[in-house]
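Labels A, B, C, D, E and F are assigned to the chains in the order they are written; within every chain, residues are numbered from 1.
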C-alpha cells in the first residue's frame, strides 16, 4: 500500500471545475489529489510569423508555478531574470501534445494560448496540465463554435496524461511528489482517447531499466489514461460531446 | 446606482478562505467582488544582507497576475524578460504596508515573504492583496508562535486597504475594473485598525482635483476601511485575536 | 531650526538654468538646494502603438541617477541588468504628472520624452524633476509652436511638486536627504498653478500617522507649491507666459 | 531505399576523433554522417551548492550550435538575450544521461562539464552529443585516474544514443535532417552497454502512433545502439577498456 | 579653416571644473568645446575577486551618455536591456589607460571607480573622459593621501588623450562631431606626460590609409597631447603637483 | 629564440581549409599555430534598418569562443546572460575591417554575416578571424557571382591581420597565448594587400612605450602581413584571383 493508501495501479482522485476564471474563453481548475492547476484557454486573433498567410492556426502553452505552490518557496522566474529550463521543457511538451489533437487548418489564423498555472504542487503537474488543458481547450473551441468564429470543431480526439514509475522496485501509477522524489524511473505518458501515443518521456533517475520493465510501465500507463479519458467525458457530458466531437 | 447595484459608499462583498494552500505557513484566497487573489506567507530563516547580524527580521512582498486573470490575456513578465514597472510598484507598496504593522525586532533574523498572485482581476487587486496579505501574515506569525520560533506576537495592529475615486463626477468607494478604467481620480488608501494612515496614493488621471474633493475622498475611504477591519476580525475570530493581538 | 538653517515651512533655494543642453528642444538644470537634475524635453515624431492613428500625442518620462550623484556610489542599472523598481516608480510618476497638464490632442502624433537625470542628489529628486521638467516641457512646446509644428500651446497649466514630512515629530517642508532618511512620514505632493491636486503619495515609514497630521501636511505642501509656481513664472518671464499660457 | 542510400535499419557512418582540442581533459570530434559535434569534458574542482560537503561529484552538460551549423544561419542565443528552450532541453538530457553511468561518489567534490558544440548539423545532434560525450567523459576520467585524482574509475557502463522514427509510414533508424523534418513520429533512445534504457523521448509530430509501432521502434533503436556501443569500444581499444571498465 | 574656425592642428578650448559633485572623492566637469563630461572618482574599500589577498588595488571605469546628450535622443541602455558594445569598448579603454599610470601596489586593496557621464556630446567624448578622468583620479588620490589611507601617491604620470583624423583628405587634430562623422580615418591617441604611448586606436572608416599618413597623424596627436598635459598642470597648480607627483 | 622555436619576426604556421562547413556560402577553418577558428560567411537577403532602400549591402561579424577553446573552461555568454565586452569589441573590429575592403554598393540589399568561432585558442584569435574571414567572404562573394546574384565582384582588396608586441623588452611578431599574457605592449594591425592600414590597436599593458618602439612595431607588423597576404593568395590560387580580383 502507498503512503496515501492507494493501490499501485490506482489514480489519485481527479476533480475538474469548469469556467473557473470568468474572463477566459475556456478555463478549468483541475485537481489531481493535492496537485491543483488553473488551466485557461485564450483566443488571440493572430498567429506567429511563420504561420502568417497560411490560413492555419496555432495552439501554444505556457506553464508557471506560484512561488508557494511548492513545499518550500520557489523564487519567481522573473526575479531570477531568466526563464527556467524545466518550465520551458514543460510548456513545450504541453503545447506539442494539445496541438496533436487539433486540426489547425480549421482554426483560421488564430492562436489559442493554454496557460497552466500550478497553485498547489504534489507531483504530476505537467500531466495534470495536459489533462486539464484539454478541457479548457474544448471549452474555448466550443465558445468559438457557438460564436461562429469557426465552422466545425477542430478537436480531433481527447488527450490525457499521467505518470508511471518505479519506486523501491515497485511499479506505480500516478506518482505523487513524495513518490516522484525517490523514484528510480519516472515516465510521463500522453495518449489519445483512441489509445494512441502522443508522447512518451521516460528517465532513469538512478538506475537504467530493462526492456521488460518498460513494457510493464507502458501497460500501467495505458490503464490510467483510459480512466482519465472517462473522467474527462463525464465532466463534459455525453450530449455535448456527441454534438461536437 | 452603480453598474453592480452598489451604493456609492458600499464595499463589494469580501470573502476570505484561510489555509488555502497546504504548503504555506499562512495562506488565504481573498475575494473582493470578482477580484480574487491568493496570498501566501512563507517564512525563511534568513534576512537580506543589510539586516544580517542586526537581530531584526524582514517582511517583503511579491505580486503577480496569472496571464488570463485579466480581460484580455496579459503576457507573462518572464516572456518579456524584464520586470514590469507596475508590478514592482505594487509589490513595494504591499511590502511597505505590511512591514508598518510588524515589530521587526520580534521576528528574529527571519524573512516573511508575502506572495500575492491575482487569479482573477476586477479592479482593486493591490488593495485586496494588502487586506488578504494581513491575514496570511497573521496566520504565519501564529504558526511561528505556536512553534515557539518567536516569543511574542510581532503584529502590532490590523491593516486593510481600499480604493476611492471620482467617476463621472461622483465619489465612489471600492472601484471595480469598469469604474476604475474611467475614473477621473483614483486613490488607494491603507489604514490601520486604530484608524491611522499608512499609505495614501492619489492620482488625477484626467483632471486635477480640488482640496474639497480630497477631503471627501479621505472620509469615504475611512468608512470603507473600518468595515474591512471588522471583516478581518470576524474571519479570525475574537478569541484568537484576544490571545495574540 | 533645521540643520541647514531653514524654517520648518521654508523651501530650499531653487535655481533654474534654461537651455542647458544645446541639442534638446527644451532643457534645464534645476537646483533645489544641493539636489541638481538635468531635465531635457525631446520631441519625437511618432507615438506608442496604442495611440497610432488617434491624432493624439504622448508625454513620457525617464529618470536616472549618475552613479556618484549619491553619498556612496550607486551601481548603474545596466550593470545589474534589470531596471530598478524605484526608478520605474519615479519615471511613471513624472510622466503621469506632466501629462495631466498637457492637452494631448493638440500635440499631434508626437511623443515628448522628458529625461530627468540626477547629477547630484540631496533629497527630493523626483519632485525637482517634476518642477524642472515642467519648464523643459514648456520650452520644447514653445519651440514647436515657433516652428509651426503645432497651432496652439498644449500646456494647460503649470505644475510643481515638493515633499513634506514628519521628522522627530515636527512637520517639515521640502526635506533634504538627511531629513528624509530619518522621516517618520514622507509625502510627495504635486499640484497645479490653479491649486489643484495632481498626485499625492504619502508613506508612513515608521509609524502610521493621524488624520490631523494628514491635514497639516497637506496645508504645508500647498504653501510650498504656491512658492514654486511663482519661481517658475519668474524664470519664464511674464510676457512670454501671457503669450503662450 | 533512403535518400542517402541507407537501409531503413542502417546507421550513418560514425567517426570519432579523440584528443581534438588540446586544452581539454577529454575531447572528441564525433561525426555521424554529416552531423559533426565537438564534445569536450572539463574537470572543475568544485561542485554546485546543493552538493557541497557531500563528498559527491557532479556531471553536467551544455550544448550549443554554431550559427551556420544549420541550413540557414541561426541567430546566436546571446544575441537574442535569452536561452533557447530547445537548447536547455537538450543539455538537461545530455547531463542526465551521462550522470546515469557515473558513480558520483567516486568523483570526489568535482564537476565534469561536458560541452557539446555542433559545428555542422544534419539531424541527430543530441544523440551524437551523448555518444561522443561518453568518450570525452571516459578520456577525462582516465586523465584523472592517471593523475591519481581519483582512486577507481567512476564510469559504470557505456552509453550511446540514436533516433528512430516513422517517415512516410516507414520505420527508420538514425534519421538525418531531411528525414527528421518530415517524420510523423520521432523518438530518441538512450541505452547502456548492458542493453538497459536510460532515456526515451518519443513524440508524435503529426499523428499519434499505435502501441504496435511503439514496439517496433524500440526494437529498431536497440539494434542501432548495440552497433554504436561496438563502435565506441573499437575507438577506445579493448586493452584500455579492460583496464578501466 | 574648419567649421568652428580652428586651425587644422588646433585643440578646442578646454575647461576643467574641479570638485563638481560634492559627494565624490574626486570629480570634474571637463568641457572640450561643446563636449561636456562629468568625471567622478569613487573610492571603494574592496577589490574584484581576482585581486583579493594580493595587497593590490584596482582602477576601473564606467561610461554613459545622457539620452539627450546627442543630436537626436538616444535610448537608455537599460531600456534596451543589454549593455551597448560601444559603451563597453569605451569604458574598457578608459579603465586600461588610467590603470597604466597608477602604481596599483600603492593603493592597498581598494578600487577606484571612474565614472564618465557625457551630458553633452560633440565628438571626442572618450578622449575627454580620459583627460578629465585623470584629474578626478588625481583628486581622489590626494584625498586618500590627506586622509592617510595611503602612504605615497600612486599616480606615476599624467595622462591625456585626443583624436586625430583625415577629413576631406586633410589631417585634423581634435575632431568635433561634424568632422568625426565624415572622417575617412579616425584615430584616438593616449599618451603620458613623459611623451610615451599608452594606447593607439586607428580606424579607416572609408579608405585604408598609407604608412606616411600614419606618421603625420602620430606627430599631430603628439602636439595636441603635449598641450593637454600643460592644461592639466595649470588646473592642478604647480605647487600641489610638486608635492604629490 | 621563442618558446616554440620561432625567430622574433617569424609567423606561426598558417593552414586554411576551405569549404569546411557544408551549409555556408563560404567557410574556412583557419589554423595559426594552435589557434583554430571556424569562419563562415552567410548571405542574407536583407539589410539592417538604416540601410533599407539605399541599394547598399552590409557586412557584419559575430565572434564566439567554445567554452573549452581556452586553457581553463570559459563560461558561455548566454549562461551569464549578458554579452561580453571583449566579444563585442572583437566582433565590431572584424566587421569594420572586412567592410573596408568591400564595395557595399555592389552587394545589393544583402547582408553577409561573418561568424568567427574559436574552437581552440592560443593567442591571436581576432587577427586569425580577420585573415580567415577574408577567405570565407571571398568564397561567399564568388558563390554569389556564379549565382548571378551580383554582377561584379565587390571585394576591393585582400585584408589580413596579425599582432606584434614587446615581451621581456623584445619585439615579437605574431604572439602566442603565452607571449601575449606577459607582453608589455600588445598591438593588433590590420592591413590590405596594397600595404595600407585599415586598423591599428596598440595597448601598453604594463608600461607606456616610446615613439621609437612604435616605429619598430609597425615595421615588424608590415612584414608579417605581407606574408599572410601571400599565403591567402596561395590558398585561393592565382587563376581564380585574376578572374575575380
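Criterion: a residue touches a chain if its C-beta (ideal position, glycine included) is under 8 Å from a C-beta of that chain, and two chains touch if they have at least 3 such contacts.
Listed by chain with UniProt protein names: A, B, C, D, E, F = Ribonuclease PH.
Everything numeric in this text was worked out from a predicted model, so none of it was measured.
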Next on the checklist: According to the touch definition, list the chains common to the neighbour sets of chain A and chain D.
Outcome noted: none
Checklist entry - So which chains are sitting against chain B and chain F at once? => result none
Checklist entry - Looking at chain B with chain C, do both copies bring the same residues to the contact (over half shared) or different ones? => result same
Next on the checklist: Suppose chain centres are the mean of their C-alpha atoms. Which chain sits farthest from chain E?
Outcome noted: A
Checklist outcome for this item: Per the C-alpha means, the centres of chain A and chain C lie apart by a whole-Å value of 51
Checklist entry - If you average the CA atoms of chain D and of chain F, how many Å lie between those two points? => result 33
Checklist entry - Using the touch rule from the top of the page, what residues of chain F touch 2 or more other chains? => result 81-83
Checklist entry - Can you list the ring's chains in order, from chain C toward chain E? => result C, E, F, D, A, B
Checklist outcome for this item: chain C residues touching chain B in their complex are 82-83, 85-86, 88-89, 91-92, 96, 100, 157, 187, 191-192, 194-204, 206-211, 214, 218, 222
Item to check | Touch list for chain B against partner chain A, complex | outcome: 21-24, 27, 34, 38, 40, 42, 44, 62, 64, 66-73, 76-79, 81, 83, 113, 115, 117, 119-121
